[in-house]
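Sharing a structure with you now.
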């Protein structure tokens, strides 16, 4: 069974998979993270012209973009990659913030982890910005939506509820 | 409304809240993250004596511990804190991995974000270790369970389903 | 002469000065950085309701706050410090952006370098955000305005022109 | 107006510009930073054979080289780049230190920010090394001198006074 | 003599060597580090089924892999490189732990320093994990075993005793 | 046996030991690293007035000081500590470079790993600076010489040969 997990060798030893012989190709991945908000946070963000919504989302967006660049420092067996583009979109939809992170690179491995990390850290930053109002924020689902490029070709996943 | 969000000043400008006058006190926080696994991953982890379960969980545990130390680099407005202890516990329960991260420090602000970051990065690392089998892993809920210390005293939250 | 430079020993060898016996005290420092803008940048930032001014300044503000936390990684002989507050204020005044960074900590050494680093990195980020319009931005003066706390007491400097 | 700033989309949301389709090319950039010194610092650096000048400049040079490698961590929307060379030259000229930083890479975007960051951090390090003598050092101008490579071709700027 | 040291220019100024014109090629390097263990550590690691050996070595292995990715942050004049694979093997042999680190990349410079850094940090982590038992661990020799790729071709070194 | 290793719990799970209840105290640690040099390197460093010795040692010294500050990022289970002083001394003795690193802090745990990390990274930097001449440099022994402070009191070790 173990041999199916590329990050472990036959003895269970962790390794960074050798991708030396894989040709670089254009790759992208999109991931989604949701932050469910308690009513006090929704009210604050929807308070109208003077609401902090734009500022909260801008800080979270920047945190997400920066986190994409640090993915290989956070996830032990990820390769360092020359990321060529990151976009993190945040929207307040009903009582939740929907985060969509898209990462691109031209390299020998995919950028799923970069997109998932960007979305996760943007969600954690939303939490940090709003926790003075309540600790009842809940993050999730965090999931891959799409990936393109590489030998395995495109993957497209259906988003979980909500 | 804005003034309730301590990370934004009256004009919406982001800031790191001044905690210079808060006395340091012993603090702890526990957070939980869940990774829902597709059947192929459950089968691999439950494959018996030769299964990669222990190795996958050990790598994720270390990633979570290290991430707690980097929280202030990832979340723009978090204070750097002298963390005095981190434990990250991972368990395979039914078709999901349950992650519990507990962080301690003696400082002027709480460690909720450190616990949530440790749990999130451990979850992302589980994803990375298993994604060769499937991309149908979904992270969430990620939530605070408990926090102690500080002026506001202890908070205990009920865990979300599942 | 050399012995007056605390970061070099009698042989010119670099060292991180031993502050083990200095009592921690409340300290603050404020630094200023100016970015002189060419007309095309001023016009863009003053374009009215749809202008990018707020967004450019918010990104620079966050970069400055984060840089304060990394000062000891950038400046080789700086001590790591438990910063307790950072505020970075940016204003468009005539044809320049005025940046004021204030950093606080309770520790054995001052936070001048943290304030100067926050102001400098905020200025570099303004440059990065506007360089698609022109490369004729010029950063400076970058200077200390004030510092409080520590044995040497308060220092207040007059700001340079412009 | 906003659309001219490539780091902001039509709604003012920050993004890391997608350079996936730009062909890598050889690029270089040179930036200059000046540190104006008060007389006590000039006297110390010019004290003759035993002066700390060489040591101060060597520490600042190394800090500048290392900072070039961290530009994408400091400036939120900068791409990570595979830098292929960095030189930081520091000279004591009259009552100021003149810093010239040159960075090279083969990639899809320019290295202006890397050169400006190297020069700025070298200047901050000079400040840190000399601040035991006086806080009257002033950094600036910090400016781009030249850039080559890329679609827009070479740019050469005249240096500001002094 | 100085000109033979590529990291110093004719005046002794440190620089990151310009490799802009070197064609990227497949490269690998292997390094070895030894940790000599006092008897109390050997007994603990050899205690049979319940021994901590596997866990100690797994933590050290992950630390070594992660350190390879940070080599250019630690060694001032190293180039940032897009590492394509890292394996760190640790074995308990008689009264010492033998560490073998192998790093691969496709780039313009070799990965000797990455392999040596991975081996060294794995050794330091073994030390950290066992120091509660004794401080009589000694690290060394740490040395290059082999390097391939690049203009200078393959180098193979004989391992030192023990 | 396992319970003697404080970094592993009863199940072998890695953890950052909880030091919340340990009182901070003044602590120091000194570590030594040796780099054995092949003749070509010794000749280059001993070449007289124009020799690169001072520059090579200064770069390595700075790298060692900076590495002490990053120990908790490199060694997974180390606590972040507010280091209050670092000195790294390098000397050319016969055919080897002797490195002595001393680290101080006021905290709840010792700084042995910080001293060992500073010495190791200084040694790796010496290697990097000289590897254009030969790859026959060998690092080791790297060992603790002394530690003071904390409940266990002072430890003094005899240095290994050579």
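Just so it is clear, A, B, C, D, E and F label the chains in written order, and each chain counts residues from 1 on its own.
As a working rule, a residue touches a chain if its C-beta (ideal position, glycine included) is under 8 Å from a C-beta of that chain, and two chains touch if they have at least 3 such contacts.
Just so you know, these numbers come straight off a predicted model, no measurement behind them.
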Seminar exercise, completed: Taking each chain's centre as the mean of its CA atoms, the one lying farthest from the centre of subunit B is chain D
Problem set entry | Reference subunit E; chain at largest CA-centroid distance | C
Exercise. Among A-B, B-E or C-F, whose interface repeats A-D's (more than half the contact pairs identical)?
Worked result: C-F
For this session: Have a look at where subunit B meets subunit C and say same if over half of the interface residue numbers show up on both copies, different if under half do.
Result: different
For this session: Can you check how far apart subunit E and subunit F are, centre to centre, with Cα atoms defining each centre and the answer in Å?
Result: 15
For this session: Could you grab the centroid distance between subunit B and subunit D? Build each centroid from C-alpha atoms only and quote it in angstrom.
Result: 37
Exercise. So which bits of subunit F are touching at least two other chains?
Worked result: 12-14, 54-55, 58-59, 62, 66, 70, 73, 76-77, 80, 82
Exercise. Which of line, ring, star, complete and other names the graph you get from chains that touch?
Worked result: other
Exercise. Where do chains touch, given as pairs?
Worked result: A-B, A-C, A-D, A-E, B-C, B-E, B-F, C-D, C-F, D-E, D-F, E-F
For this session: In the complex, go through subunit F and note every residue touching subunit E.
Result: 1-2, 4-8, 12-14, 34, 43-44, 47, 50-52, 54-56, 59, 62-63, 66-67, 70, 73-78, 112-113, 116-117, 120-121, 123-125, 127-133, 135-144, 147, 155, 157, 160
Exercise. Contact residues on subunit D for subunit E in the complex?
Worked result: 26, 28, 54, 58, 61-62, 65-66, 68-70, 80, 82-89, 104-106
Exercise. How about subunit B: which of its residues touch subunit E in the complex?
Worked result: 55, 58-59, 62
Exercise. Can you list the residues on subunit D that touch subunit A in the complex?
Worked result: 9, 12-20, 72-73, 76-77, 79-82, 107-108
